[in-house]
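Before anything else, here's the structure in question.
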Amino acid sequence: MDRPRHQGMAKNTNLRWRLPLVCLLWEVAMIVLFGVFVRFGAEADAHWEEEKREMNLTSDMENDFYFRYPCSCTVVAALGSPWTSALGTSPTQAGVKQQQCLRAALVTELTDPPLCIAFQDVHVMIFVGFGFLMTFLKRYGFGAVGFNFLLAAFGIQWALLMQGWFHSFKDGKILIGVENLINADFCVGSVCIAFGAILGKTSPIQLLVMTLFQVTLFSVNEYILLNLLHVKDAGGSMTIHTFGAYFGLTVTRVLYRPNLEQSKDKQGSVYHSDLFAMIGTLYLWMYWPSFNSAISDHGDAQHRSAINTYCSLAACVLTTMAFSSMLQKKGKLDMVHIQNATLAGGVAVGTSAEMMLTPYGSLIVGSISGIVSTLGYVYFTPFLESRLHIQDTCGIHNLHAMPGLIGGIVGAITAAAATEDVYGKEGFIKAFDFTGVYQRRTPSIQGGFQAAGIVVSLLMAFAGGAIVGAILKLPVWGDAAAEKCFEDDIYWERGGGHEMA
Amino acid sequence: MDRPRHQGMAKNTNLRWRLPLVCLLWEVAMIVLFGVFVRFGAEADAHWEEEKREMNLTSDMENDFYFRYPCSCTVVAALGSPWTSALGTSPTQAGVKQQQCLRAALVTELTDPPLCIAFQDVHVMIFVGFGFLMTFLKRYGFGAVGFNFLLAAFGIQWALLMQGWFHSFKDGKILIGVENLINADFCVGSVCIAFGAILGKTSPIQLLVMTLFQVTLFSVNEYILLNLLHVKDAGGSMTIHTFGAYFGLTVTRVLYRPNLEQSKDKQGSVYHSDLFAMIGTLYLWMYWPSFNSAISDHGDAQHRSAINTYCSLAACVLTTMAFSSMLQKKGKLDMVHIQNATLAGGVAVGTSAEMMLTPYGSLIVGSISGIVSTLGYVYFTPFLESRLHIQDTCGIHNLHAMPGLIGGIVGAITAAAATEDVYGKEGFIKAFDFTGVYQRRTPSIQGGFQAAGIVVSLLMAFAGGAIVGAILKLPVWGDAAAEKCFEDDIYWERGGGHEMA
Amino acid sequence: MDRPRHQGMAKNTNLRWRLPLVCLLWEVAMIVLFGVFVRFGAEADAHWEEEKREMNLTSDMENDFYFRYPCSCTVVAALGSPWTSALGTSPTQAGVKQQQCLRAALVTELTDPPLCIAFQDVHVMIFVGFGFLMTFLKRYGFGAVGFNFLLAAFGIQWALLMQGWFHSFKDGKILIGVENLINADFCVGSVCIAFGAILGKTSPIQLLVMTLFQVTLFSVNEYILLNLLHVKDAGGSMTIHTFGAYFGLTVTRVLYRPNLEQSKDKQGSVYHSDLFAMIGTLYLWMYWPSFNSAISDHGDAQHRSAINTYCSLAACVLTTMAFSSMLQKKGKLDMVHIQNATLAGGVAVGTSAEMMLTPYGSLIVGSISGIVSTLGYVYFTPFLESRLHIQDTCGIHNLHAMPGLIGGIVGAITAAAATEDVYGKEGFIKAFDFTGVYQRRTPSIQGGFQAAGIVVSLLMAFAGGAIVGAILKLPVWGDAAAEKCFEDDIYWERGGGHEMA
């Protein structure tokens, strides 16, 4: 299985008909499926105005309230129709309660970032962040940013459908709004992570095929974790990073190329390519607080996520620099570590950022993840390649897999250690959404479910990665021979200049 | 007319006194005109506090309401003074209606992105997006990003005045707020587009002169379309893209240089310059949903614009990749297509994004525009140059002109096909603003006016471009000889390194 | 004193143990101090829900109101408990007033950008803006962006503590929210400025030591200005730019290296490095309106800041281009000027942007600062180096020091010239916060205090810079010999390619 079946000059990398065929097929499928299933959500539909006034306005307001504050539903429901006369005139006892409710909603809203900001920030992370982070290879800049663009553009369409069927399906239609766009970007994030492992070794067709399957599996895994296990994972330590990274690592293991040292000289970076990659690093680093808080509950949880992530990332930079220097015999810093390990802090608080991790807890988690990630680049990546035959181009094992596991574990511990004392009685219920059928969950049970979430994500990643890897091994996708890897010339028409130096 | 009158080594490109003179003259004029005309709008004036409480608060609130929700004016007016007692105590029938109105306003606001976000996004598109998109030339990176910076910085000042006189002029003063800044950026966007056609062939003085005239003409054209024809064009398919592109193409036709093949070697890109250009591409692509929704009506229209644009752009990437590969005999992708044609989807839904185009409709429009734009780069651009003597450096005909026309036509069709069934009775009126003197407009009449908007934009662009082109042909502006085109050395002091490779 | 004590090949630049030691020491200290002092602010704490409903809701709302609108406190307090029955039912005279107050608050909020946007914009300016602005050197790109990343990541943690002790300390704890994150970024901005003066000549350890001291001094200086002198300085002309720049210039004077011409060839830029620097320039330029308005009073002041800054920056671009061309004998533009002097307009309105400077006033200030800054690059920088032995790598004297002084002076004049006529009676009080113990301040007295703020900032900068410079001169920090300056090879492991060209 380790011996590549199709190698050498004989490989046909001319994609003239295959790539257009797959692209157009995928796109036509999207159009048909969107035509059948996707409609504007209430907020984006032109009937909005009408509904607001022709329907019973009161109940519409309630709907909207539920729509925007799903987590507060129970509280609100318990109060009766809070919006009914909240702005109204009946000074009954009920009225007073309702006014309080309205006020609370207003205050929450007034201190909240609108979703659209988080959306644009996450969007930048997917397209510029991941795209440029991978431009570090000296001759693969076009492939890094261009193929990332291609797979993300397809992935968000397919994710809108897949996630829509699981989460926004009503009366045979998927109703989409801005929150769906954010979730689609999240889903595609896991594909971008997996792309990091196979960067430079696959054809764009393989990437499109992988995206199709990975988005599907991601949505299933996400549904199991969030809806069946009732796990909290706002920043996606488990659903995005652990799943995405181990999926990608399994795929690259199946696609193992024994002769890859033939293109060893092209696996390095040059001066410029490292600076381009720093654009990606910085945009990921700066907007990570938005990433981890984008789909948190409104209000305090969102603030907390942003602050925890910010603290963790800041600490991570210092420990990364420290270990990068310490592990090189002349004490010099290594750009690979600065570009990647500085981001591990964001991954490692993905699950727990919205919990009461506290700022110093975040500093500790960030510090540890920076150290682990840097050690990974120095010691673990060579080991994975030589012993386990896992060729991990971008080192996603160090940036996403290990910190993702740390994130999942920290999340489980933080959840298990939660007390009403720390969160407050209502804050506690709200933070973990211990309502309805989950009313009787205790923190330690929740911690157990969180741990189960890690295991499920890993199993899905290994099984899915093995199957998809096997599919990608079929000799029809136009991937290049080992000596042609990490080289833009195969798939890109180039004007001039042969490398970045 | 095709024979250039001033060519060869004799051309004087030393701008030492001319460029400073024009810059300072322009800037002094701005200071004087701003001094005479421009004042802070109510929202930005320190009297705000005072007005709020010393004036009759009720009517002030109404003013503010009108200010922020201009499109809902009629609805609100019909209700009487909605804010008067909306929060108040009189439970009369009128009071109930007013409360409903207040609630609707609050809900609208709570689900809305503030203007300032859209402002910063559009700002990034103009300065980084357009600036870096044009850095693809191997020796013209400074000119691309630097001259774009210069013309945009001047253009926004002049646009604040021009658009102010048309739209925000009251008692002899232009009252400016954040919405004016967005509109100024939009206006300058059309100049950046035209700049793409003449990139590398003109002096900065010519660009400043062109900006002066084009901003003026843009404002007149916009006034005709939006105010006289009552056309909808939130994303500017007609006002920005069609007008800007055909204006620029006419100018470059008038400035035709028969000997331009002398600098043919400099018209290509190198590896790095293509990566810099991808920064521009990605920022334009990512923020385009903000661009198309920035000045849409608040609420559902804004959400709809963002979702439609997002879908159209995603589809466009796939069809562009498909055709880019298909049209090259070895099936390789061409960076020029990826950098440009992937954006055509945003242009092509500029008019219709805020209408009920539906997500799958957007996918179809985006798919088609990606195909048309890529075909344009392969077949149409060489034809334009060899037969029509239109030298279009950046291929704006493919990225802005054709998709802009598609956008205008799709907008006209979507408007003509609008029914109360799809929009809801009130949504219908709100979406097309069929109030006041436009109360009797039907969708098919609106469709006709939309089509008329395309024609007017084209006529303005051809006529204006011809006149401005003739002015720019005068032998006093310091443009370079044909063999010196696409070369930063003429206008820029260079430290070292002669090209990007 | 001018003779460097430690020079030549003997210098030990191997940081293998020193850099990790300092990084880890700093980070452990942060963890301990955060553990002892830092807690989530009310908005980010999980008790939020509970507090909102279990406490007396009314007074909680008032607290929140004070929290978010600190400047309106007096007005609100004067009205009694505005929120008590603002949404309520008692149509008493008091009730009417309270409703007015609520409405005013709502309107203010509805027209405001949430803090989180300003936060992300400022974050981008610090990490991408300053980081890439300094990549212009041909062989120091890694150091520019990497060390900026390091010092800023440490600086924000330390600033959260220092500024927290001065401004958010309550019952032995620092309560942090998003506004603290913005202020930390601001504080670090002054360190990034100082870094510009010593760019390429110091080791990362020296930078960490400098950051430690400069953040401390910044916080003291800021406390003196804002709290003791009651000075207005929303955009930090004095606290950030004047202080940061003169601090950095003093440090570089103390660290004077007489043999620096040995690395003269490395002090220039190459084609690409100038384009990378333009990324920094444009992000600083575009987001500067957010910078100057981020911590302005909500409402009109914030709008005014953004508009004034936008106008000033636009004008600055034109005068910079004019003088850049005029001062070169062939009339060519110089990238150094375009990268830096175009930003002077943002610095120069830092103090006065939130005042009634008016748009044309901003154009004038921006125009002048562009001219002064460009003249500085051409005439003043060489003079400083040859006569005063101040080696200013990035020319921060031209970009931050002089425009910062202009900003302070313009602010003092604008404050002194303020009249109730221009601001309105209440706007006047609100704009300068003439309440409580400052009730009797007149504009001319305020102008005097503003001027005193400039003097205090200068004194703190000179004294602090001298002390810190002396500390950095100790022969233990691993800085490089003169001939090794401006060279990434000393501190960075490099894959390949020796410079940017």
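So that you can tell them apart, the chains are marked A, B and C in the order they are listed, and the count of residues begins at 1 in each.
Here is the rule we use: contacts are C-beta pairs under 8 Å (C-beta built on N, C-alpha and C of every residue); 3 or more make two chains touch, one makes a residue touch a chain.
Here the structure is a predicted model, which is why all the values come from computation and not from measurement.
Participant: Over half shared or under half: which fits the residue numbers at the contact of copies chain A and chain B, same or different?
Facilitator: Different: when the shared numbers are divided by all numbers used, the fraction is under half.
Participant: Would you kindly give the rotation angle relating chain B to chain C, two copies of one sequence, based on a CA superposition and rounded to a multiple of 5 degrees?
Facilitator: 120
Participant: Can you work out the whole-Å distance between the CA centroids of chain A and chain B?
Facilitator: Computed value for the inter-centroid distance: 32 Å.
Participant: Going through chain A residue by residue, note those that touch at least 2 other chains and give them in order.
Facilitator: In chain A, 87, 89-90, 106, 114, 117, 272, 279, 500 touch at least two other chains.
Participant: Residue numbers of chain C touching chain A in their complex, please.
Facilitator: Residue positions touching the partner: 14-21, 23-24, 26-27, 30-31, 34-35, 38-41, 43-54, 57, 61, 64, 68, 83, 87-90, 106, 109, 114, 116-117, 120, 123-124, 127-128, 131-132, 135, 141-142, 145-146, 149-150, 153-154, 156-157, 176-178, 181, 204, 272, 276, 279, 490-500.
Participant: Spell out the part of chain A that touches chain C in their complex, as residue ranges.
Facilitator: 86-87, 89-91, 95, 99-100, 102-104, 106-107, 110-114, 117, 121, 138, 268-272, 274-275, 278-279, 282-283, 285-287, 290, 299-301, 303-304, 306-307, 310-311, 313-315, 317-319, 321-323, 325-326, 328-335, 338, 342, 356, 358-360, 363-364, 367, 422-428, 430-431, 500-501
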